[in-house]
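You will see chain A twice below: alongside chain B first, and alongside chain C after that.
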Partner chain A sequence: MESPLVTNVLFSIGPVPITETVAATWCMIAALALAAILTSRALKLAPSRTQAVLEAFVGALDDQIRDTMRVAPAPYAPLLGTIFIFIFVANWSSLIPGVDPPTAHIETDAALALIVFLAVIHFGVRARGIGGYLKTFAEPSFVMIPLNIIETFTRIFSLIVRLFGNVMSGVFIIGIVLSLAGLLVPIPLMALELLTGAVQAYIFTVLAMVFIGGAVSDGRSADRQKEKKS
Partner chain B sequence: MHIDWWTLALQTVNVLVLLWILSRFFFRPVMDIVAKRQAEANKLLSDAAATRDQATAARAAAEKAIADVTADRDRAIAEAHRAAETEKTEMLAQSSREVARLHSEASAAIARDRATSAKAVVAHARELSVDIARRLLGRLPPTVSFVAFLDGLCREVKALSAESRADLAADAGDAIEIVTAAPLSAEDTDRVRDALHQALGAQPALEFRVEPALIAGIELRSRGTIVRNNWRADLERIGEELDRDERRA
Partner chain C sequence: MNLIEIISIFAAAMAVSIGAVGPALAEGRAVAAAMDAIARQPEAAGTISRTLFVGLAMIETTAIYCLVIALLVLFANPFIH
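Let's turn to the complex of A and B:
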């Protein structure tokens, strides 16, 4: 059995190795892009059943953002929705035989966490300004500056490890069980892994909301003013 | 465990690309369509509210128009009642006048008819009485009736004032005309002459003449005096009295 920690390089483009994870992600992106384009062309004022489901998803995401971040959801919904969809689809891509979920590889999880890290800084600076954002590291006192800086990185690291650990362990266990037992034995574990994948997508998205919300929370008034202007 | 930095970078780019794609082709279109639907719904609500306001205004206008029409109708009915009442009163008055006129005309006609009838009755009664008298007289001998009338004539002559009798006798230059209904016999002529000479106290000339219109009796005629004692004179007198009574009635 091959370790899930190992990434196989399919081919290289110059010095850039293209691994199975990247290729799977490309396929996933292509499928999602195709679905999004087809969906956007079919949008109507009188929604079809599919459009109603998609609108319900966007509405639920907006409600979740409002409940969690206490801000207008419009600026954050695309990023957070993309993160949720990416992780959800990546986790459930294990249903396709021979495909390892991209999220089972730490590079993908690190990439997602890196984007969340940058988004926190981006939205924090946009809401508070650079000075205001930097001042948040001195809250509640200057003594907390080192701890806040460490927390900024550790919570991102925790995002990486949580998602990677859950998904990788599921894939690992299923692989072990599959190598030891018959063909049908891993099915309950796979079903459990699907549930875990959905929950992890939700957890990762909600934590990203919490981190971004923490960065913009004191700048809510500025966001509200922008919302009113818009 | 080692991290493939190229994969990390590619995955970061991949997620960002996916973020752009989904943002461009999924989230924004869906959010736009939801916002558009919300705007349409708001517009529909505002249009519905405006339509409802218009309908309310139209209903109020219709109710006002109905009230106006009702008031006009009541006013027209009241005017019609007044006009009808006036016309009725006028017609009643006109009818009353017409009835009164007809009544007066009818009364006049009745009076005329009654007068005409009375005259006709009187005339008929006169003719009838003449006829009856003539028939009754026909049953008597001419001498009997003549003697009775001659006696009456003599009483009337005697009843004249002496002055009148003297005037009557003085007119003897012209003979006194004695008119009878039937020719007199010689004996009756002598009797008349003797009786009148005695009644007048003079002997004027007498001239006898026959007029059947007298019916019965005798009549004395001089230039200034007429003494009648015959049925025609009686009947004329009765007729005149009847006419007087009728005029008094």
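Let's turn to the complex of A and C:
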């Protein structure tokens, strides 16, 4: 049995080895970019069928951000929408025969979580200034500073492990069942894996929203003050 | 197969099996509470199920940690060279 923690090197550019995961990710990025260009090239006031679907998606995303973060969605929608679409397509890319989902390897998940980590700092500093952002670590009191600092890292780590564990375990179980039982048996498991992939993409995005929302809006501290008073 | 490998496989199986019990019970309680809430207040079903999904993902993480530890023990064991 091949270890899920190892990636195969496909070819290398100079001294840099390119793994299968990276190549699959590049293909996906190219396909998504092409699709985005093609669908948004001719936007009209009276929407065509494709445009209506896209508008519904963008509207749902904006509503979700407004509900979760309680701020205007415009600065955050591009990043969060891209994260959702990328993870969704990556999880469902196991439908194409021979393609391993890139999110089933821990490097891709680590890169995505690193983007969220940097985005939290970026949006937090932009909304409150450096001093204001650092002051959020001392909430509700300065005793919590070490815990808050540890939390910033552990929640990103759990973001990595959650996505990796879910997608990889699905791929792994399908592989095991296929080798034990035969050709058509793992199809229900694959259907379950599609559901898991969609839910995990949603959860990763919502958690990124919650983390960024906690850094930019005063919602969290206001809640805490309310709890203190009551 | 030497002793370390046998113990590693045993430890991986124990980690996953024991690590699945807690999250399973916790998810059962969470879903039961959410069902109760939706039955009382069907108009809040959207918010409740959204919060439920995020909460379930959080609970599930503990089981996933156990799975990752089991995989580390099986495939990246520092004591087997």
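The rule is short, and it goes like this: the second predicted complex is superposed on the first by the 217 of 230 C-alpha atoms of A that agree within 3 Å, B and C clash if a C-alpha of one lies under 4 Å from a C-alpha of the other, contacts with A are read in each partner's own complex, and residues count from 1 in each chain.
Just so we're on the same page, contacts are C-beta pairs under 8 Å (C-beta built on N, C-alpha and C of every residue); 3 or more make two chains touch, one makes a residue touch a chain.
Computed from a predicted structure; not experimentally measured.
**Q** Report for A:115: first if it touches chain B alone, second if chain C alone, otherwise both or neither.
**A** Only chain B is touched by A:115; chain C is not.
**Q** Based on the superposed arrangement, let me know which partner A:101 touches: chain B (first), chain C (second), both, or neither?
**A** A:101 contacts neither chain B nor chain C.
**Q** Would you check which partner chain A:199 touches, where first means chain B only, second means chain C only, and both and neither mean what they say?
**A** It touches chain C, and chain B stays clear.
**Q** Could you let me know whether more residues of chain A are touched by chain B or by chain C?
**A** For chain A, the partner with the higher number of touched residues is B.
**Q** With the two structures laid over each other on chain A, which partner does A:17 touch: chain B (first), chain C (second), both, or neither?
**A** first
**Q** Tell me the contact category for A:75 with respect to chain B and chain C: first, second, both or neither.
**A** Neither partner.
**Q** A:207 contacts which: chain B (first), chain C (second), both, neither?
**A** second
**Q** With both complexes superposed on chain A, which partner does A:124 reach: first (chain B), second (chain C), both or neither?
**A** Once the two structures are laid over each other on A, A:124 reaches no partner at all.
**Q** Across the two complexes, find the residues of chain A that touch chain B and also touch chain C.
**A** Of chain A, residues 5 contact chain B in one complex and chain C in the other.
**Q** Which of the residues in chain A come into contact with chain B in the complex?
**A** Touching chain B from chain A are residues 5, 7, 15-19, 21-22, 25-26, 29, 32-33, 36-37, 39-40, 43-45, 47, 51, 54-55, 58-59, 74, 77-79, 81-83, 85-86, 102, 105-108, 110-112, 114-115.
**Q** Spell out the residues on chain B that touch chain A in their complex, using ranges where they run on.
**A** Residue list for chain B touching chain A: 1, 3-4, 6-12, 14-19, 21-23, 25-31, 33-34, 36-37, 40.
**Q** Sort out for me which residues of chain C touch chain A in the complex.
**A** Against chain A, chain C makes touches at 47, 50, 53-54, 57, 60-61, 64-65, 67-68, 71-72, 75-76.
**Q** Over in the complex, which chain A residues touch chain C? Could you list them?
**A** The contact residues of chain A facing chain C are 3-6, 67, 158, 161-162, 164-166, 169, 199-200, 202-203, 206-207, 210.
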